[in-house]
Structures are given as C-alpha cells and as structure tokens.
Amino acid sequence: MTMMPLIEYDDASAEIRAVYDDIMRTRGTNWINNFWKALANNPPTLRRTWESIKEVMAPGALDPLTKELVYLAVSASNGCAYCIASHAAAAEKQGMTPEMLAELMAIVGMANETNSLANGYRIPVDERFEKLF
Amino acid sequence: MTMMPLIEYDDASAEIRAVYDDIMRTRGTNWINNFWKALANNPPTLRRTWESIKEVMAPGALDPLTKELVYLAVSASNGCAYCIASHAAAAEKQGMTPEMLAELMAIVGMANETNSLANGYRIPVDERFEKLF
Amino acid sequence: MTMMPLIEYDDASAEIRAVYDDIMRTRGTNWINNFWKALANNPPTLRRTWESIKEVMAPGALDPLTKELVYLAVSASNGCAYCIASHAAAAEKQGMTPEMLAELMAIVGMANETNSLANGYRIPVDERFEKLF
Amino acid sequence: MTMMPLIEYDDASAEIRAVYDDIMRTRGTNWINNFWKALANNPPTLRRTWESIKEVMAPGALDPLTKELVYLAVSASNGCAYCIASHAAAAEKQGMTPEMLAELMAIVGMANETNSLANGYRIPVDERFEKLF
Amino acid sequence: MTMMPLIEYDDASAEIRAVYDDIMRTRGTNWINNFWKALANNPPTLRRTWESIKEVMAPGALDPLTKELVYLAVSASNGCAYCIASHAAAAEKQGMTPEMLAELMAIVGMANETNSLANGYRIPVDERFEKLF
Amino acid sequence: MTMMPLIEYDDASAEIRAVYDDIMRTRGTNWINNFWKALANNPPTLRRTWESIKEVMAPGALDPLTKELVYLAVSASNGCAYCIASHAAAAEKQGMTPEMLAELMAIVGMANETNSLANGYRIPVDERFEKLF
C-alpha cells in the first residue's frame, strides 16, 4: 500500500541507522515504526523530520502527555489514520486513560462543529479577543 | 460581515436571554461574544450548542486548561480565525502562558506536516498500534 | 486583495464578453460577480468553469433550491468566505428562508462533528451500508 | 481497526441501552450501527451526540430527504468514508435515487473546485452579497 | 467498496464508450482506471470531468511533468488515496524519479506545517506581497 | 490581528537576528516578512522552521521554480491567504508568469474536484497503481 518501500534496519545505510538508533534510544524502545521506514527513502527528510519531532515533543512549558494529546487531537481532526494510531499509542504510554481519550475526542468533535459554524456564519472576531497576553 | 444579524441581549427573546444568562453565569463574565449572538438567530441551535459546549468543557478526566489547549489546537489546525481568537482568550484565562502557546503551535505545525506525509506516502498502520488500552 | 486584477466588462475581450453575456442571460441579471472577473484572467478557465457550473446547477433530479443548498453547505463546511456569500445569495434567490439557512448550518456543524468522531475513532463501515440501491 | 471496542446491545449498561432503544425507535429499525457502538465507550458523548442528531435531523423548514442530502454532501466533501456510507444509506431510505446521488456528487465536486479557486485567487466578496435576507 | 458499480467497457453505452475511447487515445493506453468507471454511472459527469481534465492537463505554460507534480502534491495534501496513487503513476510516466517524489512530499509536508502556523498565528499579509506581476 | 507581536529586527535578540540575517543572505533581500517576525516569539521554532524551509527549498531533483509552484499549489488548496501571497511572490521571483499561475490554479481546482469525487464515491485504487517505480 505504501508508495515507497519500507526500509528495514538490516537493509538501511549507516546514515539511516544512525537516525533509527537515536529514535529507539530517545523513546526507550527496540523497534522502528513504519512512518520512519517510509521516510528513510529520503535520508535528509528522515533526519530533518526526526530532529524536528524530537525537539518539538521534548518536555517544556507543556508536559509530554499534554503534547501527545494535542498531537492526537490534530491528527484525529485531520482524519489521518496512521497518525491517530501512532499518537494514540504514544499518548497511552504517557498516561492517557480511556476517559481522557473519550473527552479528547468529544472536544475534537465540538471544535470541528463550532469551527464550521463560525466560518459558515462568517462571524467577526470580538474586539476583546484581539489582544492576547 | 456576518450572514445573520448579531442579536444583542436587549433585543433578545426570553428564550435567548435564558441561554445568555447561563453562559455569563457559567463563565463568570458579564458579556456575550459574537458566536452566541449569531447562533441566537436560531434559538434551538443556540441552546443545543451551548449545552454541548458546557458539558464537553466541564472539568473531567482532563483539566480545563488542557481542554482549552486541545480546542485551540484543533481550531488553529482548521484555520478558523474566530475560534482561534476566542479559544486563545479562553486558554489564557485558564493559565496558558506565551511559552505554552508557542509550544502548542509548534505541535500543530508538526502534526500537519507529518499527517500530510503519512497520508501522502499511504503508510500502513503498524500492527502494534492497532491495540489500544 | 485579489492576486489577479478583476476584469470589468468594458475592458474585456470579445471572448470574455461572450461568457459574461451568457452568465447574465442564464441568471437573469445585469451584472457579473468578482469570481468570474478574476477567472477572466485566463479565458479558457473562465469558459470551462462557467460551462461546468451551468451544466451542474441546471434543474435535474434535484431542484435548483436543493442544488444551491448543497453548494452552500459544502462551501460553509470548507470555510470559503467568498463561496458562502455568493451561494447564500443564490440560495436566497431560489427561496431559501432564514429558517432553512439556520437548519442547514446546524447540519453542517453536526456533520463536521460526527465526521471527525468517525475518523478519529477509526470506525469500520457496517456491512449493511456497503450495498447502495 | 476501531480505537475503542464496539459495545453490543447485550453487553451494554442500562444507560447505553436507553439510547440504543431510542435510536431504534426513532429510526424504525432493529439494529444499531457501529458509530453509536463506538461512542458508547463514553455514555455522555453517546447520549449528547444522539440527542443533537435527533434534534437537527427532525423535519423542520427543510424536509428529511434534503437534510440527509446536505449531510451526505458535507461528508463526501470531507472524505469521511464512514459518514458517506451511513448517510448515503439514510438518504436512500428517504428517497434518494441514483440520479440524485450523481447530481449531488457533481455539485460537491464543483463546490470544492470553485472553493479552492476563490480562496486561491483571494477574491474579495462582492458588496451585493454582504446583505442577506 | 465503491458506492456505485464500476462500469466496464463491455457493459458501457455508446455514449460512455466514446469517452473511454478518447481517454485511451489521449493517454496512449488500452485500459480505463476505476475513477472513470465510477463516474460513468452519470454520463454527463463522466464527459464533463474528462473534457476538463484533458484541457487542464494539456501542455501549456507548464509542461506535463510539472502539471502532474502539482496535481499529485494537492492530492497528497488532501489525503486522497485514490488520486495520490493514480497521479503518482501518471507523474512517473512523465518522468518523475524517486528523488523528485521525495522532494515533492517534503514540500507538501512543510507547506502544511507553515500553512497551519500562518493561519494559527493569524499573521497579516505583508504589504509587499499584495502586488503580483 | 496577529496573536503574537511581530518582532522587528531592531528589537530582536542576537539569536533571532542570526536567523533574520541568514534569511536575508539566503534570499538576497534586505527585509524580513511577517511570518518570521511572528515565529520569532519562540526562537527555537523560528530557527527550526527556517532551517527546514532552507533545506527543503534548496535546488535538488526539482528546480527552485517547480518547488515554489508546488508550495503555492498546496497553499492555495488549503486556502492559507498568507502563504498564497508570500509563495506567489516567491514563485514570481523564480520566473512564474501570469499564464503559469493561471494554469497552476486550474490544476488546483480540478484536483480538489476530483479528490472529492474519488473520496465521495469511495473508489478503490486500481491494482496497476499500487506499484510505483
């Protein structure tokens, strides 16, 4: 089904293996998921995307669970089956419970409903909302 | 710009005022934002949408700040200017800092990038991701 | 704001005027809206798009009002401000009332909510829904 | 494939069964489709979503067939396979013919084409379209 | 899986066969892909869509390979599996290499990232970008 | 209108100025557009996004004009006004003519039309399209 072959560790170049190793080390796992195996067809894209994800998802002002919940919510809203599945697994690993998932999905649903209503009615932004912080 | 007139409190029917009053009471504010004033053109939609939002955004397994962050993330991803502005204000009220907002937006950006890569490459879901909880 | 200049009737070539004339004749109006004035920068696109719209929106198994309601619903769902405004006007001309508009928008909102829930939960299609007609 | 187990009637709590019963009674059917079985993992979401759908899809200024056509059009435009399949079945039950479906899909296609053209060219809304009703 | 039966050449009316013949002649192939077999359920949609595609994809200011790359990029961004598969095949036929595909997908990913950032931050268009050509 | 203040060069930290300088040097310009001034509110996002864009848009298997055309096409399809304006300007600088822009937009429109038709009809991918390269 993939457009490009999935590149397994054993068949990977040293450049690709270096990224795979860093992924496994950072995540504390011993396997690589299909997303990276597909990106590996273009090593610069593999490296750049991984470096970006690693930086963006590192603990900061938002904790790792909140970060995964946000990632999952956007993926669910976009209807990306692969990203929903992989980030739901990642969120679960960070502590997401079934109750949290259900509440998250309910918000995703409501946000999509009110987004389409606000756009559909062409509602102007309230003056008070323009100034943040 | 709105397709329908914005219905102000002073011009509203008792049915509409009852919803407006509940919105202000629940939120601890003394004003109504344009979204509700537009929906008020159809009182059943106003009431139903408000009751749903009130239920979905009430504290539960996810705290109010996390809920607003998720709402904001989906709205930003969908590019709904009105909902971005109103939920950024709501998130700020719940404690969102500029650093949190910046990290949130970085995740929204990365999620949209990897969602399009996963869809674009038609990457199959890993077996291990299929079983959640 | 437009990327390309809007081409007015008086400045248009004979090829463009022929399309403008057909638009006004078909719609029973004496003016051209901005959409066509922008497309006129590329006469083949102008002609092709108008011929397609004319064919698709002609009365058939669906009546003209229903056709405009469907067009408006998709445009509202997509958040295209221009198309929302122009097709709301067209739908009103075909008999859309404020009540119809409110009900239409409520459906657009619910559809976006349940679409994101169905995608987000990755719900499999029921066997019974696979066979249509 | 679903992220959450599908909850069958026989395994459902009284709270869930009450909603299932109302769905079957309202629709005049004796089965429950997967969408509700997935939402049942969170009974408040199940109840709230069903009550909203029931209210929005009830006959009003728009007749039931037109309502289903609008729901189907939005779902097709969003590419939600589940909702396309379920609402095509619902629309057929309300009287949608193959000819109606074909005309509906042609409009969905044209709307997506012209939405992207209007957004892409950043076409300003005509003054005359700003005032509705 | 399709909502409508796929109409094979041998079962097609003369009107449908005329379009099928023109598709095969124009493309220098001897088979018809599923997209057209589905549209054939409504001959006017089949004919109109084919005529439009033929006109839009003909060599012009942009060469055929660039045209297919653009079509593929939009389809990947929209997550349309069918169109990704069919236009990747068409682009390959026009000379797209695996390196080109990888670079194309990297741009699709970045565009989706920065589109969501620009929308999410509600960034105003720079004065200098308003005047084109 | 922006959610965050736009950070001008004179008010920027050394870390931000280093990125601004590299943007101007790489592009051969002497000004910074709003997108970067908004991202500068979070220097790591500014730096990471710029490094990614610089890498992705550098000449490779695809030439710079083709890359900008693809970026513009995705942005137009997504309806991101800011990115449409900025990448149309970038594409023009690389040699895009009005005729190329018109053909590009026609393809964006057709792709959105056929994407929604392929998704709406739930058309299965042809066997022959599954194997690429």
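Here are a few things to note about the model shown:
Just so it is clear, A, B, C, D, E and F label the chains in written order, and each chain counts residues from 1 on its own.
The rule we apply is simple: a contact is a pair of C-beta atoms (placed from the backbone, for glycine too) under 8 Å apart; a residue touches a chain by one contact, two chains touch by 3 or more.
Owing to the predicted nature of the structure, the values given are computational and were not obtained by experimental measurement.
The chains in contact with chain D as well as with chain F are A, B, C, E.
Both chain A and chain D derive from one sequence, and where they touch, under half of the residue numbers involved are common to the two copies. With centres defined by CA atoms alone, the chain at the far end from chain C is A.
Note that among the pairs A-E, D-F or C-E, A-E reproduces the D-E interface, with over half of its contact pairs the same by residue number. For the pairs A-F and C-F, the larger set of C-beta contacts lies at C-F.
Chain A and chain B have Cα centroids lying 20 Å from one another. For the pair chain B and chain F, the distance between C-alpha centroids works out to 27 Å. Residue positions of chain F with contacts to 2 or more other chains are 1, 3-4, 44, 48-49, 52, 56, 77-81, 84-85, 88, 98-99, 101-103, 105-106, 108-110, 112-115, 117, 119-122, 130, 132.
The touch graph of these protein chains is complete, with an edge between every pair of chains.
For chain E in complex with chain A, the touching residues are 79, 84-85, 88, 98-99, 101-103, 105-106, 109.
Residues 1, 3-4, 44, 48, 52, 55-56, 130, 132 of chain B are the ones that touch chain D when the two sit in their complex.
Within the complex formed with chain B, the residues of chain F that make contact are 3-4, 41-42, 44-45, 48-49, 78-80.
Those residues of chain B that touch chain A in the complex are listed here as 1-4, 31, 33-35, 38-39, 49, 52-53, 56-57, 60-62, 66-67, 69-71, 73-75, 77-78, 80-83, 85-86, 88-89, 92, 97-104, 106-108, 110-115, 117-126, 128-130, 132-133.
Listing the residues of chain D that touch chain F in their complex gives 76-77, 79, 81, 84-85, 105, 108-110, 112-117, 119-122.
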